[in-house]
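When the chains are written out, they are named A, B, C and D in that same order, and each has its own residue count from 1.
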């Protein structure tokens, strides 16, 4: 049973990139999962991870990963792993993830390749854990019994989390969002320093489309084994700014039902979801944190709140065009990538969707700490 | 006569700050104006400018200014100057500018203190040179025969310039703007480096209100010696980013009349105004420059276009919520401050509003160069 | 007894500045000390700390400090505090610290004012804890029985720590150091962002002299109740770079006795001192960490190693002019300021120098964890 | 004849990289040279330059270059060009430059591949134009009559220029240099932004060796058709910092003969060379500029002095270890790359070394302007 000491062996696909490194760092201490295999491109395969990775995390390379021999990104790498985490580049993720799923793996992916596939859930655990019911559909369609579950784009997650309580309480009709995104969102090598120092780049290829499409899918509902997308009208404008970690979003929303600022703020601050109820290992206590400081939220000061798993919101006020506007911050390589995907994986396990592992029960009620 | 060799003696008020320094640098080679006096706080008064200024411009301190003895910011400093440029901090600009106007000076101010005064024109020369007719009104009300003319806030100018052709051609009903502003906009010492490195600050005190109010005034019309403000509904959200110079604006607009993208782009690219017709010394050839590069405009690459006097626009496309959206860039300490104020001063002179100096006629038509 | 549950009440002088904030953050969880009073300038006195501080730390303002009423920086603020931490600006620290010492307080200061006083120890606990014997001398000379103990300049600490094992093992004759220092070293507001973005400033007023003088004092020996300075010849060149935290030093040394690279590296890696033996709460397990990565150490990746209390060294190699060169990194606001001063305070207590508190014994040997 | 209106047709090899772009920008207005061909990798060949280049210069792409069809980097591209500029990556420059030289071209190269070849001059025109006599040696050895002439590494040029007057006047025995280098020195894509934001990287592969070797060659003398290297002992430590353009060097020197600070400064300020005497088009009036500001030189403020062709020096003072120390700044992509290579090419032409073009005579003496 999960938590009893034995851990689930997992593989990290694409372990040398910046998101892959985050997975390795976070899995080192994970109570449920244990790294059994690391894969990378053929160029790195066959060598110890510690020698081929160009480590850029501010925590040290975990001792247990240093000597693991990197394997090619093929299903044979994961024969002992019921679950794999994909940090593959979108250029190769599509067929590679299919191959692992066909071999029976539960693939939890941070890549964009399958996010909009109709039978693949795109999950933010506090919002739409129920979309994981697609896994059964997905599984039936595959020979090997595996499935693919995806994590949204790093800028979508924060937006969707901030919207969810408003959707539930008041309905959201229209949405205008301008992002200021950190360079770590572009991975490694990612953006050349010569392009971004003393600069803003007002365009991230494909990002605006991803925000618009993914947000509607995440906020959608499962109808007859398919996702019926939410109808919110979205206008997104994405910018890259010289910040290491943390995406800032300037959001304006038009609600379906009348609400006061106090109503909106109350809905944000009281928001909680299944990961909190189940006390999943990577779940923040508060998935949304509201700050009163008029200059908040700021990436450098607030991105690490709740281990980088909260959306930090501030400056809620009336919007002269729509109804309300506010600023939201989310950590793009924690909630927006590796740790967010871990939480999805935990939810998959907790819901009993990993063959051979029982569902997790919510802890008995206890006095709040 | 202007242009014949003798130049108009001018004073720069607040000459040691960052905008004051820009005035000093730009006036060094100006064909119409000549620095006759520099003022600063009492602490600096009495000493040579070269010794008290902490020069932060990338062009050298002009030789002619090095030995000028700095004077206190009092009208006595400008007895020989029919025109003064105010780069005073808003904390002291209000009464000081009034005092110079009362002493008979034409005060061209970059400070915010009098921008929204009902009898003070707030001018972007390509847009509303006709607002300078308020000068006569202003003058009548003063004992000394002086007047105050103002330059808008650095983030408003680019926005107003980008909107003007749309207002003229199609009408603008609604406007959503998110800014990413350079640190030089906060002057010196301005923003602490510890606050902005690896960071975004999603709030600039008073800035959103200034954009909303000033834009409506600039786009307004003179009715019975007063400005009737334009009715456009504006929602602004202002951010500070780690960029040296150049404010980027993500703009969405709803137009009153139907237009195609080609219509909108045509109106932007063909835009021209009085400064271009009169070929004023600080006028850009093209006040609006449209770039096709999907990653444009960017502060570091494009802020110097047209000597920092153009608004550089890119990414014009449909907006799912309003009608169109685009990105605009303007140089906040050139068009948005010192050089923009110089252009206003040139327009004041060219329109014959500086007592003792004739109006300037447009140059005879010639074949385009 | 320390560690039994009751904690020593302490005051933080200058609690609203950036170093003062670090003290407040670090003391919130300290096992030996407890914040009893916070002082600031008269402007802030009388108001709750949470309202007057402009918090710039990435950890939240500790709940216990929010409502503490800020007091003026006068000895009356510390009547219940046998120990005070001074984060005062050097402009006011001199007389203020004297006043607290005269009132009987043990003043542990991060300010430069008294560092070079002949009767004041300047301490890096791993290097020269024995200099604390000056406290007795200092105390005798004061009416009130207090004393002042100081923490070195943020760039000196890392240098002195890196040198100490070489001094002990081989003798150090000459030293050439070029620093690249983070902006947080200049405090708040400190360096204007307009001065440092896309820039290097090759001068920090007084810093080179401080490094040269403080290093010689710290490496000196106590002779007849006075410090006899070390004779090493030092050439320092200090630069400010656009980095948030972490000073990088390029060091070349000439040794007195012949040594191989392996000898030098061995002496660095095996270095340990009294704080490690006594297992003081703020002591790093390894005060010097050597990294093999040819691109290490780097501020962003390595400044947090050992809680910011280690000097991280890399690139040890022969120097064509002197004997060896290497790169050292230390965290300027942790080891180089607040946490470093805490370690000094812990050493003061552990050595039984705080009246009323017994000395701490080293823990019994146990199996390594 | 040069200057009479007809210009020498030239090719730029590797025209799409960042140095190649600089060549294209600078050649657009050059009085002696005219772009006749642009080459790039096979991937770009056959397409218009304007379509394949990802332009990152702050001046616009020259109109004349937009429609030039890019050619493969093979000698056939330069059949009409007696001179070619190589901005090739070092990975391909070696054999490619040989091929163009074998085809009869005078190759002026910014790549490192042939810099240390015994028959290839490595030239800073103010220092060692006489090394160009190797061209005749080189030519004799080649079938095609071409030759290769090289420009030093971007960090070496500034150092060598700063040293030359000291070598001539006092002799230089030892040299310690620590560099803080801009990211543009790494080209495009060059350094990943995720590696350098909020960071310093204390290592640039191969750079320290280049500085040490190239400086000795440049300061060497021609003996019997070969370069006898200068014997100065050099210790270099190279760092990358988050600056766009401009390398800063902290230099300490030991001189062979006694000199005062005034002597050293006088030798720096009065330095001038053949490019100044011949008034070559790209020559700065003053190749060394000394600034008295205690905070100078700084990359952002001073890199553009003299069109980026001067070494800007400040902070000259005694060194406690060697004799003197100072800070030097040079623009790494202007003097340190494209414009520096242009000046070399001008010197080649002016000395009559380009077959078919007469030597240039120094202008008649005239009163100084």
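The rule is short, and it goes like this: a residue touches a chain if its C-beta (ideal position, glycine included) is under 8 Å from a C-beta of that chain, and two chains touch if they have at least 3 such contacts.
This one's a predicted model, so the numbers in the text were calculated from it and none came from an experiment.
Enquirer: Pick out whichever of the two, A-B or B-D, is joined by more C-beta pairs in contact.
Expert: Of the two interfaces, B-D and A-B, more C-beta pairs touch across A-B.
Enquirer: What's the farthest chain from chain B if centres are computed as the mean of the Cα atoms?
Expert: Here the answer is chain C, farthest from chain B.
Enquirer: Report same or different for the chain C and chain D interface, where same means the shared residue numbers exceed half of all residue numbers found there.
Expert: Answer same: the two copies use largely identical residue numbers here.
Enquirer: What whole-Å value do you get for the distance between chain B and chain C if each is reduced to the mean of its CA atoms?
Expert: It comes to 48 Å between the two C-alpha centres.
Enquirer: Starting from the mean Cα coordinates of chain A and chain B, work out the distance between those two points in Å.
Expert: Going by mean C-alpha positions, chain A sits 44 Å from chain B.
Enquirer: Counting in whole Å, what is the centre-to-centre distance of chain B and chain D, each centre being its mean C-alpha position?
Expert: 40
Enquirer: Hunt down the residues of chain C that sit against at least two other chains at once, touch-wise.
Expert: Counting only residues that touch two or more other chains, chain C contributes 56, 197-198, 242-244, 300-301.
Enquirer: Given the complex with chain D, which residues does chain A contribute to the contact?
Expert: Interface residues on chain A, with respect to chain D: 18, 56, 183-184, 186-198, 242-244.
Enquirer: Could you pull out which chain D residues touch chain C in their complex?
Expert: Residues in contact with chain C: 174-176, 178, 180, 197-203, 205, 212, 233-235, 237, 239, 241-244, 248, 250, 252, 294-301, 314-315, 319-322, 325, 327.
Enquirer: Mind listing the chain A positions that touch chain C in their complex?
Expert: Going through chain A, the ones touching chain C are 55-60, 197-198, 244, 293, 300-305.
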